[in-house]
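Labels run A, B and C following the written order; every chain starts at residue 1.
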Amino acid sequence: MKTRIPVAVAFLSGFLMIVAFFGSGEWLSMLTNEALRYMTIVAGFSLLLGVVSITQVSWGVVRKRGEDWPYKIILLIALAAMTGFGVLQGITGGTVFEWLFDKIQKPMMATMFSVLAFYIASAAYRAFRARTVEASILLVTAIIVMIGRVPMGQYIYEDLPSVANWIMMFPNVAVQRGIIIGAALGAASMSLRIILGIERTYMGRG
Amino acid sequence: MANQGNKGFFTRLQNVDRRVLFVLIFASVIVPLFFPLKLPVPVTPETREFFEAVEAIPDSSIVMLPFDFWPSTLAETEPMAVVGLRHLFRKNCYVVGLSNVGMGGPSIADRLLDSIGGEFGKTYGIDYVNLGYKANYQAVMLGMGERIEDIFPTDHRGTPLSEIPLMRRVPNYDSVSFIFVVSDNVAVDYWVGLVNSRFGVPMGAGVTAVMAPKSLSFVQANQLVGLMGGMKGCAEYENLLGYPARATRGMDSQSIIHLLIVLFIVMGNVGYFAAKRKAKVEG
Amino acid sequence: MDTFWTQPFVYYFLPAFFTLAVYSFLFKDNPWFKLAEHIFAGLSAGYYAGLIFHSVIKQQMFVPMVSSGRYDLVIPGVLGFLLFMRFFPKGRWLTRIPLAFVIGTTAGIMFLQQLHGLVLPQIKSTLLPLNDFGNIVIVVGVLTTLVYFYFSKPHTGVLGGVAKVGIWFIMIAFGAHFGYTVMARVSLLIGRMQFIFVDWLRLVS
């Protein structure tokens, strides 16, 4: 029962989506849209799992006075404040929830990723060596694209933007397409395995 | 002795302290902000096609604009959403905003729709609306094909869709003339693979530079009418529209920093090959 | 009207403080970065909690129940709560049911999206007349890339030669991708510097 019910649920829900694509009829489209509506609700709850997990882990560290425990208290206060204001006051413009997001969370998230600019430059300088033919092709293309796609490129060599455009629209598109087709076939076969109950790793152990 | 000195020089060429590189990167971003070069931005074909496709949408059409990006890529994606909204509102199009990114997506959509809508004197609920966020974008995109209200019973502010004048005219994709996707993630594959291929809604996309090489394949296959790739693509669009803004302003820094990185890569390679040659000569 | 609180330096002080706290990591790990990191993690989790409460529980379940009598929406609610059984060893298996529903439905959608929405249109647009150099590049590039990723046979002989051409194409695309990735990361840095020098400090107009 612990395995059969989930396999049956996965089969029926997946099969419904496939039938809905080929079939037509009012009842079918109604059934499909209800399934989709249910799914968005269940998927929403799954996001809350992360919230419970982070609370559990952080509280555990605080209780045991583990590493960085004072910071975990700050984390829990931030979590409680955001949740509290969000639930009680709302999440739209003009609320504390939105203010906390706009003034603290958003700038930090934007900054964290911008730090990568330093590391990618440093890594390129240290690791990018034309040791083999393949590495040389990669290096030359990267340089053409990096220079050719910025405004200064046209001043270095007039046709550089056109060369960069050509690389992007032909050899690049060809490879991206090969990868898209390959990955899509893989994803489709994996989907079929899930629907047919062959692939069950999502159930975990026990 | 001289040889040893050369070898040391070539080794040093490959091992410049990373803090020096970091300072130079900071400088090459900041200096052009104070002393702009104002270099003209050459327009790529894919951005021009995108701009022309939006320009060709009949005035007062209903356009969907998904804000499918995380706050982490705001520097690239926010100017895209801004330029898209300015273009659409200038054409008096009605904009249906939504977000398939939970983290910040609906808040950013709300803020941008209100501020750019305000610039053009547009009214919430009549000229534009923010549907907000619902989990699982595959289900959201597919479900909206049948009935938007099934997936979004209310807008982001909690008003039932039946009470929003604009949404009474948009039961599903049939009423949508164009989708202006702004995305920093795989959601764009689903807009193309689910919505364009199944419901036939034409769409263009503004995507981060990381995603642009892949998305060009959709442009070549006519699944996307055009593409804005990264901050550079956005700068092109801003110039085509006649609203040079943040992305255009960033182009000088982008030019300088790219040159700097290329210079360092070349320097590292010169050092590597010269040191290798020296070692070979010395046996 | 400009008040003390709307002065750019004050108005943007908090985002600027946290921006600099994150950048301090470039020097080394330090208490300011740790503080920022933990506040960020807490706010992010809290954001999801607030968002899901309103957009799912309230707007997708409660409003339709009250306004249209859609009491059947208790079903996905119960399924959603079953996900939390993972925290209780005895009932852990029950989480499989909502998971199976979400994964099964996603698999059904993806199966068609991948084949009908991606594979077929992409193959169709590769069927190009070979009367143009660009078209030849696309056709040869797609085929050789696919051959390179075909691992069921060893890459020797003709297959090896074709795969070799494939890897050259792949290197060109990866080079282009690298160039674009640099562009992306640099853009994010430019964005933050614009915030600090234009929005916050107003050193540049």
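Here, a residue touches a chain if its C-beta (ideal position, glycine included) is under 8 Å from a C-beta of that chain, and two chains touch if they have at least 3 such contacts.
This structure is a prediction, so every number in the text was calculated from the model and none was measured.
Visitor: Counting C-beta pairs in contact, pick out the pair of chains that comes out on top.
Guide: Chains A-C share more contact pairs than any other pair.
Visitor: Farthest chain from chain C, comparing Cα centres?
Guide: That would be chain B.
Visitor: Using mean CA coordinates as chain centres, what's the chain A-chain C distance in Å?
Guide: So the centroids are 3 Å from each other.
Visitor: How big is the gap, in whole Å, between where the Cα atoms of chain B centre and where those of chain C centre?
Guide: 13
Visitor: At what distance in angstrom does the C-alpha mean of chain B lie from that of chain A?
Guide: A distance of 16 Å separates the two centres.
Visitor: Return the residues of chain A touching two or more other chains; collapse runs of consecutive numbers into ranges.
Guide: 21, 36-37, 39-41, 43-44, 46-47, 90-91, 101-102, 105-106, 109-110, 112-114, 117-118, 121, 124, 139, 142-143, 146, 149-150, 168-169, 172-173, 176-177, 179-180, in rising order.
Visitor: Show the residues in chain C shared as contacts by 2 or more other chains, in ascending order.
Guide: 26, 44, 47-48, 51-52, 54-56, 60, 102, 105-106, 109-110, 114, 116, 118, 122, 125, 138, 173, 176-177, 180-183, 186, 188-189, 191-192
Visitor: Touching two or more other chains, which residues of chain B qualify?
Guide: Only 22, 25, 72-75, 102-104, 106, 134-136, 139, 142, 156, 158, 198, 213, 217, 220-221, 232, 254, 257-258, 261 qualify.
Visitor: If you look only at chain C, which of its residues touch chain A in the complex?
Guide: Checking each residue of chain C against chain A gives 14-16, 18-19, 21-23, 25-26, 34-57, 60-61, 73, 75-77, 79-81, 83-84, 86-87, 92-93, 96-112, 114-116, 118-119, 122-123, 125-126, 134, 137-146, 148-149, 166-183, 185-186, 188-189, 191-192, 195.
Visitor: In the complex, go through chain A and note every residue touching chain C.
Guide: Per the touch definition, chain A meets chain C at residues 2-3, 5-7, 9-18, 21, 35-52, 54-56, 68, 71-72, 74-83, 85-87, 90-91, 97, 100-118, 120-121, 124, 133-135, 137-146, 149-150, 166-182, 184-185, 187-188, 190-192, 194-195, 202-204, 206.
Visitor: Using the touch definition up top, name the residues of chain C that touch chain B in the complex.
Guide: 26, 44, 47-48, 51-52, 54-56, 58-60, 63-64, 67, 102, 105-106, 109-110, 113-114, 116-118, 121-122, 124-125, 138, 173, 176-177, 180-184, 186-194, 197-198, 203-204
Visitor: For chain B, which residues count as touching chain C in their complex?
Guide: Against chain C, chain B makes touches at 22, 25-26, 29-30, 33-34, 72-76, 102-104, 106, 132-136, 138-139, 142, 152-154, 156, 158, 160, 189-190, 192-194, 196-198, 208-210, 212-213, 217, 220-223, 229-232, 246, 249-250, 253-254, 257-258, 261.
Visitor: Considering only the defined contacts, which chain A positions touch chain B in the complex?
Guide: Residue list for chain A touching chain B: 21, 29, 32-34, 36-37, 39-41, 43-44, 46-47, 90-93, 98, 101-102, 105-106, 109-110, 112-114, 117-118, 121-122, 124-126, 128-130, 139, 142-143, 146-147, 149-155, 161, 165, 168-169, 172-173, 176-177, 179-180.
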